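Each in structure tokens, the structures are laid out below.
Next, two complexes with subunit A in common: one pairs it with subunit B, the other with subunit C.
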Partner chain A sequence: MNWKDFRLSFSLLVLCRLLLAVTPYVDSLELDHDHQLSSPTNSYVRLQEGIFLYKHDVDPYSGGAFYHSPLYLSLFTTVLPTSRFLCRLVWTLVDALGAWALVGIWRERQTLESSSRDTLIAAAYLFNPYLFLPNLALSTASFENMLQLLALLFACKGRASPALFFASILLHLSLHSVLLLPPFILLLLSSPHSHLVNPKVFIAYRNPKASLSTALSYIGEFLVYSAIMSLCCTTVAGGWGWVEKTWGVVLTLPDLTPNPGLWWYFFTEMFDHFRPFFLMVFSVHLLMYVAPICLKFQHDPLFASFALLGVLGMFKPYLTLADPGLFLSMYALFPETYPYLYHPLVTTLLHLHAALLLPLFHSLWLDQGTGNANFFYASTLVFGMANGAAMVDAIWAGLRIAVGGRQGEDEGEIAVVQE
Partner chain B sequence: MTLALKAIPLPLLLYVLGTVASSTPETFHEELTLRPLRDGKVISRFSFSTLLGGAIPRNPDVLDAGNTPQHYSLFPLGLGQVLREYAATELHLSLNSGKWEYDRWGYPDEQEVGTGAQLWAWIGDGGQATVDERWKGLRNALAGLFCASIGSLDDQRTTSPTLAFAPEGDLPAWPLPHHLRHATLPSENVCTENLTPFLKLLPCKGLSGLASLLNPHRLFDADWHGMSVHVSWRARRGVEVRLAFQAVFDPVRMSTDRKRDWSLQSIFDRTIPKACPIAESSRIAVELPKNEAYAVDPRPTSVQDGVAVYDTSQVNDLDVSLRWPLESVFSYPLDHPAEPLSQVSVQRTLKGTSQSRGQLSVSIANSLPSEIQAIYLETMPWHVQFYLHTLKIVVDGQARDDLLSDIAYTPPEPHGRPALLESVLTLPPNSTTHLDMEVMKSFLRYTEHPPDAQRGWDLPPAVLVNFTPGGRRQRLYTRTLLVDLATPDFSMPYNVIIMSCTLIALTFGMVFNLMTRKFVVVRLKKGEKASKEKAD
Partner chain C sequence: MRLFTWTTTAYFYITFCLSLLTTTFASDGATSQEAAQDFFSRHAGPENGSNHTNNWAVLVCSSRYWFNYRHMANALGMYRTVKRLGIPDSNIILMLADDVACNTRNKFPGTVFSNQGRHLDLYGENIEVDYRGYEVTVENFIRVLTGRMDASVPRSKRLLTDDRSNIFVYMTGHGGNEFLKFQDNEEISAFDIADAFEQMWQKKRYNEIFFMVDTCQANTMFSKIYSPNVLATGSSELGENSYSYENDADVGVAVIDTFTHYNLEFMEGINKTSQLTMQDLFNTYSFEKIKSTPGVHSDLFTRPLDRTLITDFFGGVARAELIDENAIVEHTSGPTTDVDEAELARSEDIPLPDILADTKNSATSGRRSSSPGLMKQLRAWCPVAVIGVLATWIVMSR
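On to the complex of A and B.
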């Protein structure tokens, strides 16, 4: 038996995840109420409530308990099961598909049929605690991550239609995924291969002659798919109320349930007359990262997508652990940058620190009643620092690799600094 | 009625509530009911009703027609102006304090006994101002009239539970329908400042007649006390305003020799000095004890079905007393578990220690040998949100989800309207029905918390409407709940804004540093770290 055979090892990994999912102990943890694993926009309990209301002819979007996309409503009332046990299996399979897509992206980047690293990459996705804990909590963030990876995989393969189709579904599940559209189009025009060592201006490898018109046609296709999806949503929801309650909530933040992100406590403590201004600042601030990252990494759009996912994993309004989890798992795709990471030890320790503090202080504040809100707020700040450090690490390494010369090799002779 | 209204010319259209009061007969009736209870307490209930004969509620279509003078002789002008201004057809306001014990005290004579303030009104649609605008004006006007925080019964508290709060009078058949607005504020307390304006609405004020017994020192010392105002319209009779005050006294607590004997003097610290000359009828009804030796003094005008009635329309310094001459010391009936005085009882609790979620449990006991249909109503502010999919109904250990039907649910909106859950519940005979549901506790902005945030929030009572054998709707109010919501730190909004912004700015700065600045290789000469030479 060849243990290095990817098919065998991958099935083993998925089997372990399935066993973990069906363990009765997991149910007793009551993870689905955990604020770090699922936010109001992707919580399983709220999804169940929405499905219940929908089945009883109450418009779920008329109130404030349901912020999921109508696509979930249509899926869970027709195809997908609502029983808890079957849901666990579906969620695990969603993660398995995500891991398979991540391995696919790796193979596309390296232009390999298979490699010895495949199993490691699959494990980095399937056994990342930031990813499998939200999955066990049945957070629909797992669906978002899977769609994100599938869209990237098809973009790497150069198959525009499926890639744009998945991206348009993702747009309905999570509005902020629209920020990834520019690197995504670049990736469709260019190639997924690593050009970090040799930065150049953007070259549309796939279609060198008509790059602008192709880009525009891709955007048009994306808009058509999104419009069709919106019409589907409107048909399912019986009106346009879903727009305000799915896309609107990530911009106006009506629900201040704690999460590991930076928005909730800021807007809990915000003065009422400044709230609209700061909501605008926080939303626009995210847009500002897109153009510089796409310009700087125009030679490697896959890395640009990766860096932007890092930005989203830090600044999303309704953040869960699954968002930085996707970014951290994607680190596995870029082993060439590892020697150039700026402060990997600091990043690791910060993440370890935050991962211990978050559940502890959350429980002290809300369950034990011995701590107050500042405890959990402080740990979300640490978590924010950890995510920021990971992002700066990645971007530094992605740029530093072009200069060459390893950090340790010429110690004392040269130093690479920024002018 | 619609046709008739359209047919009459415009000047006559102004023939609304009180405009031609001089020609309408106004009558005033007052009544005091005293009911001794088996646990030694005494329920007293004052009812003062003024009828404006032949009057019609104001049609909102003519609200813009301008003001016409109002002349009343008995009808309270302050209330009449409010009703005219906001064209409310029917209105019920109650301000209560304490918890009504249905098991021990039975069904109350005034059924609006929910703790705190409750206001509900049927308002006709039409005219320039919408129903909601007039509802807002109405509650603010009543807040001013009764010196109560009814103005806080805002959109975060307002619902329309039309099943449970059906109109008690008639509604005029105007072309546009009537709408119900209902709101409760369980944390509102009733006190002397509410009683003074209440007394001013009475034709004899508190000077003569039964109202002279309304002594605030004693009323607000009672175990339970509440006042209510009811305005309704009957097609054949006219607009009626009924003011009521209900209190549960404990004569044992007030007596020095631990006896349950009481008199008007001992309960109210007052007697009736003289009759109210305007009252059409005035009487005191005392429910007499059964199967016990008692002495009632003075001699009642008449005794019917165990109720002693005193005609107080011609009276001079009257004091009514009821004594149990054979009883030296009153002992609470502890030995035999008395069967509850109400056939249906409701208990509602909020379980769970977490500040982010909990469980709402309602148990409804039906002690009748027959099945009962009841309407169950929850009007929950958005601070506590239901997970309806977790609702479970259990009777005698068996799941009975079929007992709940006709669920009408309006989901709550954060920072906005409350949830409304109204459904028909079938209560099996001689059993206790348990309803269990998971709830989510909301997180509030720091400006939305009250000054004493750690105290928690009062949640309004649930209402169970069942039909008594006589066919009358009987509303049962559960106790209010106190929910402990998570609080942010109130002292550091600046710190949070500064620290979050610093983190965002630092990350932004680091990323843009990397984006904009060029990488250079600096060659360091051996041993001479200070001198640098550019290589790139």
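On to the complex of A and C.
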């Protein structure tokens, strides 16, 4: 297969997505009000409200409805359109860029210019329902995923500045992406190649003379970019109120709109005097996965970032389907682990179960009124279990592959380059 | 690759300059007061158009006990009509003794009917009675009208009108020469009502009031009103009784009064978009039908009755227009504003809501110039420009 073929198939996939985006049936579904597909920090409706307020000289952060970063305000009042139709096209192109970045990551991992799996990987991103449904709902999680993948792509290529730049923009859109900074730095210093079969202590392949100061310089560059972006945000928003309303929102959880995540129900029934304590517990819970995963997968930092994305996709405060969707699509990058998965069927069935239950119980609770919040909460627990099963299985396979000995190892369509 | 980055940077700068140019020449809108007056006059003619922006209703049944079933049905019938024509529950104050629907003597419990044959249940599942039982007193009624209430009274029990509210006040029960009996216990006099309306006028609590009374000798109740913009109608003259319309054999009592019955019958024929006027309604009154002489008091009402729509009082009809998005709102702080005060002398001191007057985010404070727009454009372009610059710099310096 030569390079031209992937371009053709990729264009076809993007065309299919564009056609899907412009069908009138999608309009009638009113996806942008769906709670599974967008959360208060991602929702297109709230973005529109914030842009309207901003255009009419009202501080969008003075009310309680707008939690997006000021970068969105700036983007949508200048270069990007706000009409629904054009936004659908823009969002589809964002997803296309994310898919292209995912294919680029795969190619970097295999050090190939092109491979036969490229189309499959692009399709795994573009046609993953967990990703294209929030995209059709115009949730800004698509932007976050695209930036995440672009940053990972440049990190895989070893180009620190673009990677850290995109990571710093992503920091402003989603605070929890800072948890991915450690595996990022490791990825910048070492290689994206598959080292899962051969776990060793961390070796800085790209820069053998690298030391702690190199890592610190990367962190410093990231902080400089973040500071510049913060100043830009302050210029747009006309003050520092945006910090409390964008980053503060994911730490203090003022808005308890139902979403497929695990935080909202817990905090609806929380007594006020326990609230700060449990907010701290939930946030530290996310922090505590970083070190163990990075230590355990220090030989393959791309896999470490994949695992951390799985953690984020389960335990983020304002979860949408797009976050575990990114994790599941990135699974396509690690076909060497497939023979070592312990319970892939169980994971698939759990996901199917959750995907059916979530909209059903949401509708029973909020549309028909015959159910209550506990129904939907139970379905979010099932969804959490499904994500947990996927994550645990991925980590299990990532470790088990080092022991080896499974039958299907060398019988795949394409031999995965492993070192 | 270099060509690509240079073209993207060029694209950013060109669009930036173009948007700067277009916003420099953006036009400004009229002052807000002129725009409001223009809106009102455009829709209904210069002298005859209604100036109201919201509708309220105060519906009072001043009787209790089973044999006054028809008064309850009167009030509930008016309630249903007024809701059907568009006034929401939040804008209706319904005062009923409410002891009829669940009365032990009611053969059809939980229902109130207003016609023989029981075709329409007025009680239903969706009525909101604000003052029920022993809360229906003269004091509460006057407090509702004048707005002088204890701070603990909830909003649903308050008449939260402003000077552009049209209010429909309906009273039914037992009455006499310049009085109305409240709950078999006390009386309200025509002077009390007239004084209450005058207090409302002084406090700018209404734009126009339509006062309808269905009791014996009802026309005496509005004879003492002296405040402007009040249109009143009553069911019978001094010395006349008002009669009930029909009995229902199974309920066992009279279910509706004639005056209210014919008013409701007229209302059933109209909907929210009706252009029928108050004159059309009053033309349907006749002694032969109503068995008493209905009266209309329009001396204090400034608009001609044949230009006053029924929906001005009975409906919650609002006209809306999309204003020009680029119009800059002036805030009226300070004495040197250029508002047309002669036209709108009554409403010159309406404070703009804080959210629109808060201009601390714009570079200047509401003066009509294009520099706030320019500053805002520059601020909005800042991150995009910075991202563009950083991206090109990063890409160029591999």
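Assume the second predicted complex is superposed on the first by the 402 of 419 C-alpha atoms of A that agree within 3 Å, B and C clash if a C-alpha of one lies under 4 Å from a C-alpha of the other, contacts with A are read in each partner's own complex, and residues count from 1 in each chain.
Throughout what follows, contacts are C-beta pairs under 8 Å (C-beta built on N, C-alpha and C of every residue); 3 or more make two chains touch, one makes a residue touch a chain.
Source: prediction; values computed, not measured.
Of the two partner chains placed around the shared chain by superposition, subunit C is the only one that A:169 touches, whereas subunit B remains out of contact.
Of the two partner chains placed by the overlay, only subunit B lies in contact with A:255; subunit C stays clear of it. Touch criterion met: A:64 reaches subunit B, while subunit C stays clear of it. In the superposed model, A:232 lies in contact with subunit C only, and not with subunit B.
Once the two complexes are overlaid on the shared chain, A:385 sits against subunit B while remaining clear of subunit C. Looking at the shared chain after the overlay, A:272 reaches subunit B, while subunit C stays out of its contact range.
In the superposition on chain A, contact of A:369 is made with subunit B only, not with subunit C. Residue contacts after overlaying the shared chain place A:113 against neither subunit B nor subunit C. Shared contact residues of subunit A, touching subunit B in one structure and subunit C in the other: 56, 58, 62. The touching residues of subunit B, counted against subunit A in their complex, run 353-357, 382, 385, 387-389, 407, 409-416, 419, 438, 440, 442-447, 486-489, 492-493, 496-497, 499-500, 503-504, 506-508, 510-524, 526, 535-536.
Chain contact summary for the complex, subunit A toward subunit C: residues 54-59, 62, 70-71, 73-75, 77-79, 159, 161-162, 165, 169, 225, 228-229, 232-233, 235-236, 238-239. Interface residues of subunit A facing subunit B in the complex, by the touch rule stated above, are 33, 35, 45, 48-49, 51-53, 56, 58, 60, 62-66, 254-258, 262, 264-272, 285, 288-289, 292-293, 296, 311, 314-315, 365-367, 369, 372-374, 377, 381, 384-385, 388, 391-392, 395-396, 399-400, 402-403, 405, 412-419. Residue ranges of subunit C in contact with subunit A, taken from their complex: 12, 15-16, 19, 325, 355-356, 358-362, 372, 376, 379-384, 386-387, 390-391, 394-395, 397-398.
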